[in-house]
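You will see chain A twice below: alongside chain B first, and alongside chain C after that.
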Partner chain A sequence: MTEQLPIVIILGPLLAATVAAFAAWIHPKASHPLVVTGLVASFAAALKLVFVVAEKGAQKYWLGGWGAKPEHGVVGIQITVDHLNTLLLAAVSGIALLTALYAKRLVNTELPGRQRYFYALFALLITGLLGIGITGDIFNLYVFMEIAALSSYALIAYGKGRAYMAAFNYLIMGTMGACLYLLGVGFVFIKTGTLNIDNISAALPALGQGQALFVGFVLILLGAWAKMAFFPFHGWLPNAYTHAPTASAVVLAPLATKVAVYTMLRVMVTVYSIDYILHSPGIQSVVLGLSSIAIVVGSFFSLTQTNLKMIACYVVLSEIGYMVGGAWLANEPGLTGAVYHVVADAAMTSALFMAVGCIVYRLGQAQLDDLRGVFFKMPVTMAAFVVTMAALIGVPPTCGFFSKWYLIQGAAQSGVWHFVAALLLSSLVKAIILFRIVEIGYNRVPHPSVDGNPAIPRNEAPLSMLIPTVAMALGLIALGLATSPLVNTIIAKALPATLAP
Partner chain B sequence: METVSSTLPVWIVATSSIAALLLALLGRWPNLREACIFGAAVIKLGLLLSLAPTVLDGKRVGFEVIELIPNVSLAFRVDALGLMFALVSVSLWIPTTIFSMGFLRPLKRHAQTRFYFFFAIAISSAVGVAFSANLLTLFIFYEILSLSTYPLVTHHQDDDAIKGGRKYLTYLLGTSVALALPAMIIVYQQTGSLDFTNGGVFAEGTSSTMLTVLLVMFLFGFAKAGLMPLHAWLPGAMVAPAPVSALLHAVAVVKVGVFSIIRVLTGVFGVERLVDMPSLSTIVCVLAAFTLIVASLIALTQDNIKSRLAYSTIGQLSYIILGVGLATKAGIAGAALHIPMHAFGKIPLFLCAGAIYQACGAKCISEIHGLGHKFPLTMTAFFIGSLCVIGLPPTGGFISKWYLLTGSLSSGQQWAFAVFLSSSLLNAAYFLPVIYKAFFAKPSDPARLAKAKEPPPMTVVPLFITSAGCLLLFFFSSELFRFADTFAELFVSR
Partner chain C sequence: MENLIANFNYVIVVILMMIGLWAMLAQKNLIKKCIGMAIFQTGIILFFISIGAKRLAKVPILSGDGVPVVDKIANPLTQILMLTAIVVGVATLGMGLALAQKIFRQHASFDEDDILKNQRK
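Right after this comes the complex of A and B.
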């Protein structure tokens, strides 16, 4: 049974997506439970696989058994769950499940009459994202990338007003990114004659430092960066996620960018190798510089914004710099931090967008000035929001503290002090944002005379939204406390053996 | 050195957090709510005292909760210094709570439950810092303390409070994230460990530049200790209600800063290294001596009672840092003793300031001329408290300053001796005129004086308890000295 688990991860949402759109003909409310069921199956399989991988090592699965034997040649399609992606798969499917539960009320109010398309696209998006995470083949990765991208363009364009323009911008950037990626895959295929990641990584060392391989590497990286909105390819993200329907933004912002970061990590760590990166030192310092700029620029833009969704989007942008920088430090703590932060950041941004979504659902808009008294109106939501911001700032014992810990340790080890400074600066900027919101939402309200504030009636978000939000916020603390076992049993084994101290 | 494994430290830290949750639920019934605090304080005090015999035996009580990153756990370890600090904070929590009841209730202050809730969390985290077995655990509780005291500083929710709160967070969160955190990570990266070790964690031959940079980062990173120029948050935090200024900004919060620096100096760098590398201890001593003198001079110029007390606190904190920086047995013991002595001396002063404000709305020294005849009890408590801070017998402050002075002589640093003495003169110069004016000067505002009401008994009783504490500590100082000595014994024998 265990050996069939990997395919369940993508089959769950894929089947749900196909059935959900048509099921609504039979009963208009059928699509939501179907999608939830598919995601439950997917999450259960992914969670089980975390333990299987920790215990037995990587699980490789050949679709239909093709390619399992040498006489099959190159026709087989492989999916792989190993130490590098198992946590990501669990995080993506788990967050998707919680978001699906969370989104129900939002979709009913924001997209009345179009719920079934939303859920079908939602499930398709998750299929694409999980596919990118699980595939063992760089061309299939491109296919899943396009599945995810096309469904996200549609999910964004469902928004009002400037959403069409934002979706169009995203479409241009996303397509360019996918093209660059595909071109890079072409270079690799010409040199190695295979698309299977295992085979490529076996073939590459013998090919040395050829120019074609280098060009392929850079093209793949550029493609991944455009997809993850890494500086200077970040322009599309804030508008796209701000003008998208809240339900779409809640699922896209945490997951889509993180999966693109994973693509980069996969290419760096297993397709190519850390040795390869260390032997082409020119780009390393450039990328580290860009990461620091991404962090600083993202942080400062988030300070200048007055719309809560925009602030959250720029926070996402600065977090991208954390992961790219950590990966390109190319040492043990740096990569540990990057791999850990992919999961931690998915959880943190998900909790952030969920909390913002709750506020938007009740207040209708999310300008900072509208937040007056919001702490009295929605105390539970705001408690979750404060925990989430604390995690983003890096207050121990939340997960954000530990990723920052590893990243700073890695930067200190390599002596990349500008990256340390950028990380600390970004922490402080987020602290300013949090306390600005506390001041507006809590302190600047009519002076309450006794306990509580009867002048502001409580108007908490509905339970179906509140429970996932609180669960996610508590998850940030749980993830932080689980850091040591996660790093010891899984993340440390995802890194190449040559890095071991 | 033997470590006894026991979950007791965890429970001691948790007691006041559990009480906080309980009292949040009991918010509608103020009597029950406050009974809950007293219950927790008494239980906590009892548990702490039950640890005392073991700790005074030279053993330590430890417990490892969970491993956070490889080789570093969330872990507690109680030694003499930690236990003494915890005892002081918790025992003063009781009179401060009595005072809070007398202070907040009659004025029908808003958000009292919130006030008590965050107060209890702050006590929990202060004890957490005291019991930390490694730098990471200490840092975690240090940050929780900063965050949990923010709602107390901004309690009034007016413009001044918001401004003070901003300054508070900027200084405390800013320095700890920008300096202490990277310093800690560099220590971990260099040594692979963050455990407090008596001989220090650094290997022989660690470059002195690196050590110097790390030391400065730690000294300023723990800005709660109020070393100049990162002291301005403390006067700013005086916008908080009086009980907060009393227990948190004269005892728990500021001493957590000093305590963290002591831990770094003794457990991360190691006293021997301070002795071997005089440049390190010189940095500590010079920064502390500068703060000590300058803060006392600034205190002279302050007319607002609470800001004069705040600058006095900044100066007194540096006594402790300077004592440890001297790296002699008497110096370390004196520094450790100064934690309870200054706490007991400063608390009646802040409580008096609160009681005076409550009785007649006076905030400044120029407004309280002649008040001594109206409130003889309050002003007597103020007098005893100032004697303790100045360091005159028969109060506890005399004992700690005695050891600090001996320590400066035995270290051969005569200039430190001079600094201690001249600062004590300055302390007298900024406290005694207050007493003089209260009792002997002509009333500056007779109308206000006539209107003034005697403070309610709930606010006067804690003044008695704490100022009696100052006197008792003089006569029973040997009990406390055993804690300080057990701690100092770990590092130096001369």
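Right after this comes the complex of A and C.
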């Protein structure tokens, strides 16, 4: 039974997407429960696999049985759940499930009459993202990348108005990224003659430091960077996620970029190796520099914005710098921090966008000036918001503290002080944003408990949105408390034997 | 130089990809951007087909008995990969054109500068 679990993870949302599209054709309200069912199956399988992997090690599954027998070798498509991706799969399917429950109310009010195919696209997006996470074949990864990308263009374009142009720019950038990735795959294929990740990593050490392999590596990296909105390619993200309907942004912002970061990690750690990176001089210090710039630029722009959604988008941009930088430190604490931060950041940005979504749902707008008295109107939402911001700043015992701790430790160990400075600066900036919002939301109205001041009526977000938001915020603390078992039993085993000092 | 002539298909791949990339990034017209995207993808398809092709090679179909001589058959894998890539390319191009059409209905223009000016109003 256990051996069939890996395929359930992608089959759940894939079948749900197909059935939901037809069901929506017959009845517009039929698709939501179907998609939720598919995501429940997917999340249950992913959660079970976390324990299986922690206990027994990597689980491999060969589609159609091709490659299961020794005389075939691996000629078909392999899907793998190992220490590197099992937490990501659980996080993506779990967050997707919570978001699907959260989004129902939002979709009904934001897209009245147009919600028919929303959930089918939603499930298709999750299929793509989980597929990128689970596949053990670099060409298959490209296909899943495009499935996820195509459905996200459509989900963004649901926003109408400016969303069309934002989605178009994302489409151009995303297609360029995917094409560069595909070209890189071609170079790897020329040298190794295989697309299976295990086969490639077995064949690469004997091939040394050839030019074709290096070009392939750089092209794949550029492709992943365009998809994750890393510094020079970040232009599309803020507009796309701000003008998208909130229901789309809540699922896209935390998951799409994180899965692209995982692609980069997979290529660095398993396909190529840390050893290979350490033997390609120059590129490491350039990427570390870019990561610091990404953090500083994201932080700076998040301070200049006055729209809450825009601020959240730039926070996402600066967080990308954390993960890329941590991965390219290539030492033990740095890589641990990067792998852990992929999961932690997916949870943190999800909680952030959920809280912002609740505020937008009630206030209709998300300009900072509209937030006056919001702490009295929506106390529970704002409590979740403050916990999330605390996690993003890095206050213990939330998960944000631990990942930042590993990253700073890694940077200090390698002596990359500009990265340490950028991390601390970004924490400071997030603290300023939090205090600014507290100042506007709490202090700029006459305090209602003082006699003679007008009472502010409570106008909390509906329960179907509030419960996932609070659950996610509490999850940040739970994830933080679970850091040491997660790192010791799973993440530590995902790291390769050779690492930078 | 002889190397370039012997591998002229790769030269064409590079030219096609440069044209496509330039059109995607530097052109202001949305339709031209879509055309650039299609040319870029075509370049990659040609690249993959080139790496699987061999001179005077046969189709990779097993006939009768005996082990196939790998030198005499074309690599089928790259062609199958490109079938998938063509499907992906068609889907992206369709999506891009659909978005361009929506934008045109809103702003009555395909020009990026006009659209941005319109949005600022």
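A few comments on the model shown:
To be clear about the criterion, the second predicted complex is superposed on the first by the 483 of 501 C-alpha atoms of A that agree within 3 Å, B and C clash if a C-alpha of one lies under 4 Å from a C-alpha of the other, contacts with A are read in each partner's own complex, and residues count from 1 in each chain.
In this text, a residue touches a chain if its C-beta (ideal position, glycine included) is under 8 Å from a C-beta of that chain, and two chains touch if they have at least 3 such contacts.
Bear in mind the structure is a predicted one, so any value in this text is a computation, not a measurement.
In the superposed model, A:Pro397 lies in contact with chain B only, and not with chain C. Judged by the touch definition given at the top, the superposed model places A:Ile172 against chain C, while chain B stays out of reach.
By the touch criterion defined above, A:Ile408 reaches chain B but does not reach chain C. Once the two complexes are overlaid on the shared chain, A:Ile456 sits clear of chain B and of chain C alike.
In the superposition on chain A, A:Leu428 makes contact with chain B only, not with chain C.
In the superposition on chain A, A:Leu481 makes contact with chain B only, while chain C stays out of contact range.
A simple residue count on chain A separates chain B from chain C, and the partner touching more is B. Look at A:Val40: by the touch rule set out above, it reaches neither chain B nor chain C.
In the superposition on chain A, A:Phe139 makes contact with chain C only, while chain B stays out of contact range. Those residues of chain B that touch chain A in the shared complex are 27-28, 66-70, 74, 108, 110-114, 136, 139-140, 143, 147, 150, 154, 157-158, 161-162, 165-166, 169, 173-174, 177-178, 181-182, 185-186, 188-189. Listing the residues of chain A that touch chain B in their complex gives 333, 390, 393-397, 402, 404-406, 408-409, 412-413, 420, 424, 427-428, 431, 435, 439, 442-445, 447-451, 480-481, 483-485, 487-488. Those residues of chain A that touch chain C in the shared complex are 139, 142-143, 146, 149-150, 153-154, 157, 161-162, 164-165, 167-168, 171-172, 175-176, 178-179, 182-183, 186, 189-190, 195.
Note for the complex: chain C touches chain A at residues 17, 21, 24, 30, 33, 37, 40-41, 44, 47-48, 51, 77-78, 81, 84-85, 88, 91-92, 95-96, 99-100, 102-103, 106, 115-116, 119.
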